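Everything on this sheet refers to the single structure shown next.
Labels run A, B and C following the written order; every chain starts at residue 1.
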Amino acid sequence: MDNVITVRELRVRSRDKTLVGPVSFDVGQGSTTGLCGPSGAGKSTILRALVELLPNGLTRDGELQVLDRTIAPGKGDADLRAKIVLVPQVPVVFGGSILDNALFGLRHVLRASQGVLKERAEKALEEAGLWKEVADRLDSPAQNLSAGQRQRLCLARALALEPAGLLLDEPTSALDERSRDKVEQSIAALHGRRAVLLVSHDPSQVERLCDTTVNLDQPVAASPAAAVG
Amino acid sequence: MFNKKFRSAYLVTSVLTVLSLAGCADSDAGSNGALQVSGSTTVAPVAADAAQALKADGLDITVATQGGSAGGISQLAAGQINIAMSSKPLAKEDKAANPDTDFLSTQIGADAVGVIVTKKVADAGVKNLTADQVRDLFEGKIKNWSELGGPDLEVFVYDKEPGRGTREVLDKYIYGDEKAPPPPKSGNFAIVGGNLETRNKLESTPGAVAPLSTSFIEGRDKLAAVTLDGIEASPENIASGKYPMSRPLYLLTDGKPKGSAKKFIDYVLTDKGQKLMTKHGYLTLKEIGK
Amino acid sequence: MTTETLTRPPVAPDTGGRPRPSKWIWTWLYAGAFAVAALLLVVVGYLGAGIAGGHVDWMELLTESAWSPTNSVFGGLAMIYGTAVVCALALVIAVPVSWGAAVALSEYLPPRLARPLRMCVELLAAVPSIVYGLIGIMVLRPVISKIADVPGGDSLAAAGIVLAVMITPTIVAVSVDALTAVPDRVREAAYSLGLTRREVVRSAVLPPARSGMRAAVLLGLARALGEAIAVFLVVGRADGRLPTSFGEFLDSLSHPGQTLTTKLAGPEPVLAGTSGPYFAAICGLGLVLLALVAAATVWGTRGRDRGAASERPLKFRGTARLRQQRDRLVMTLRLGALLLPSLLLVGMLALLVTRGSSAFDPSFWFTSATGAAGGGVRDQIVGTVLLIATTGILALPLGFGAGILIGIHASERTARVLQTVTVILGGAPTILLGLAGFVILSTTMGWGRSWLAGAIVLVPVVVPVIALTTSARVRSIPAELTESAMSLGLTRAQYVRSVVVPYTWPATITGLLLGLARAAGETAPLLFTATVFFGAPMVPSGIVESPVQALPTHIFTLSQDSGDPQAVTQAWGSAMVLVLITAVLLSAAVALRNRFEGERWTT
């Protein structure tokens, strides 16, 4: 079985109106798939549809398969979200220290000793390319990190879950060039190890990072999707 | 998922119910044996001072003021307290409502209620009122003091809230055994509660009139009591029953007082106990010749 | 390279189950909501039983203005009118001032100044109602009397103003909470666009804080409707007055009137016995009052769905000229609005300090009372603290749970129903709580007068305040925060536990403080269920027949009928003690809150 995520004829609707789609694509094991399109095309909405985080009033239909499990619309739950982790565009930092943040998802999902948890969080920080910068201040407040560091912290706390797939929503859109390069390095390092679905409006970024590309061409005008994406 | 949530919430609710039922079952575990006195806020300070004095003798007494005189009487009838404090005589209705209770009233003093006006009105000539004049004032028919030979000043009536002993004394004086009519639809009519509030408002309202214990205007140079039908509220006149507006103060028991209840009532009747009446502004039994 | 990912220990809880599944969260939340509903049900049930015990002529109750029990006339229209006028007046005065002051506190003043001021405002909410009433008598009546050229000055207008003063602290405190919850990045972003402070506040800060600020007004309204003692002292309580023309309407403002609450809090519910037409009519009035609160709540929260679903488009009024001048004007107005409560606080403290100076004698605190008005108030202090602490412990989990449920509930309609129920409970006159508690706890369950009964009766006073402040804060949780947490694989229960609770609790503490401050000054329900004037031991030894003495009831009894000047001194001293105790409690909790609020979650 090669595909982590299989999507067929996926649509996002508001009542009877189709806002996004239909789209079909696969994200293979270890591969990085780019999801491209102009602003308002519904890229972010599709990511949210995959993990059942659509805003109220929107529904998905079409076929979605994660690993070998078929997820019927509305049946995606917390366990699905722990396997396919969405990293939103705005890097949200929770209260508490850097380590607390890195552990935020994991400690709700994995029953293990504090030592094991911490080890995994540290490994994830390393995988996200943040370890060197924060190794000496894991216990200091996460609020003090720069925007680029925050983005990588969000990546790390997703990676700590050891997800089968990662959904990255415009991970570099709010960053300066240097931070962007660092985040891109971290994403590139995932190649071959994780299934990644990367949403980006920047074709060159997609070209740099992705094996395959899905283009969402038809923009959907005046949709609530614009508000969420 | 939803069902589960409901089930657990239901569980908690039932646990709470069981707990409260358990509390119920526990209820006859015993009371702390204190003598319970409750009722009129007028008598409460006297009772509290008396209870304090008796504390030294090992008497455990609680004083409360829930529901005023009427509340005290109904609680006594229900057996919830040992002594009721009352600032009005027991009414026929009270006896009728509680046929099983053998109310026994012990008078401990009296309170002279005056019709109080402001000094300005009194000085201008309103020194005496007849029962009819008082009635017309409180019914809003007399609107200006000049109608009674006073200054050209609007009348402002403060009546006591229903259930206050003072109000009942006034109603009895004006209406005898008849029902009082509804309050007047005048803009210069308001209701007051305690004696301190009444005095405060009388002093700050020109042209005000209100029923109030006469002791509360002693030493107040802005207020004056009028004579009623020419009779002054002196202890002699109250003792002889000539002054029409006085109210006796009582301690009530169910049957003859026994044990600590008797000790308590006896103390209030001693000289020391009667001094407390003076302290809180009321007339002692001796003063009214009883 | 086939995937370490899959050979690793399974992350999904297929095998061992999740750590901290936090399923108990739902039990807790629903228990809270059920408790709120059950408490309201008890009050309504009490009223319903009263109504069933005698015939109520609803037409008469709702359309007739005269009320005269001795003549069997039971008309409530004049009271409904009085209630409407007094509450409308209070809101018209209090809302602009409070919102202005809240914005000034949160957006204009430096934190070093704002924090102590904010605490002072919360302290104002803790001043016992009777003190507000006495100040109304001393200050407001003469003013009304002079302006309207009427003798006395007991009037609907005076009552409205007193209520405005009383609900201002509540509205300010809850609004400030809503404003501080707006993340700083929003302000930063707006300032960096070159907006003036006024424009930043209007277009960036107020929109996300709006739901919280509306909840503040609802809370204020609930308090205004439920408040008795202060209104009692200045409204005149004259029955049957109803204007028939506009002139008479204006005239009625400066003359005595009656409200539903003052009627219910007066002696009549007790005089009316426990059945028969009189008592039924009183219970009918209670139901009318609850219905009014419900109507006001529904009306006040209407349109919130629309506002939340689609952001209201901002109005652009062309290029604003005189931006700087306007900015300065608005700043002056807002700081001015802050000045009012500050002056009030200073005046009130001055009054309390001069009249209640006996409170500064340590022996007043540490000796027990001798007789009616001698000695100290140690036992009353202990009793009050015991009551407040127990109430707080009982009310906090219930209010917190109910508030979160209102805030996060998926269905907007359920949330609204719950919210309405909560506000109604908050607006229920406390005398009704006292009477219901008396019937159920003291009589039926045989507790007699018991401190625990008193604490339980106070719970419905505190729970709505906690629930409403909490739910307003939950609503202000940024969507990104929720999404980030959910996308990390948290279940909804875990989300509530790890995100909602920590994010919300500073607001909950504010609610608890405001609620307890209000409970601390409550008299009416305690008189029936828990306190005696004299003779209770300092610490009760059990539950059944174990009364305590408490400061508010002590103040109330002393300020009634004693001719002993000592009684007045003792009453003011006790009021000062009550304020000081609440101040200490407040500062402790506020210090705690400030420490944690500094750790604001940002996005």
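Everything that follows uses one rule, which is that contacts are C-beta pairs under 8 Å (C-beta built on N, C-alpha and C of every residue); 3 or more make two chains touch, one makes a residue touch a chain.
If you're wondering where the values come from, they're calculated on a predicted model, not measured in any experiment.
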Chain whose Cα mean lies nearest the overall Cα mean: C
Pair joined by more contacting C-beta pairs (A-C or B-C): B-C
Where chain A and chain B are represented by their mean Cα positions, the distance between them in whole Å: 75
Chain A-chain C separation of Cα centroids, rounded to whole Å: 44
Inter-centroid spacing, chain C versus chain B (mean Cα positions, whole Å): 32
Residues within chain B bordering two or more other chains: none
Multi-chain contact sites of chain C, meaning residues that touch two or more partners: none
In the complex, chain C residues that touch chain B: 23-24, 26-27, 30-31, 34, 38, 66-71, 73, 137, 141-142, 145, 150-154, 232-233, 236-241, 251-252, 255-256, 266-268, 270-271, 369-374, 445-449, 527-528, 531-537, 541-547, 557-564, 567-568
Chain A contact footprint on chain C (complex, rising order): 1-6, 8-9, 11-14, 16-20, 410, 478, 480-481, 483-492, 494, 498-499, 502-503, 599-603
List of chain B residues in touch with chain C within their complex: 4-6, 8-9, 11-13, 16, 20, 23-24, 26-32, 34, 38, 41-42, 44-49, 51-53, 60-68, 70-71, 80, 154, 156, 158, 161-164, 179-183, 185, 187-197, 200-201, 204-208, 213, 215-216, 279-282
Residue ranges of chain A touching chain C (in the complex, touch as defined): 29-30, 48, 51, 53, 56, 77-79, 81-83, 85-88, 90-96, 104-105, 107-112, 141, 143, 154, 157-158, 161-164, 192-194
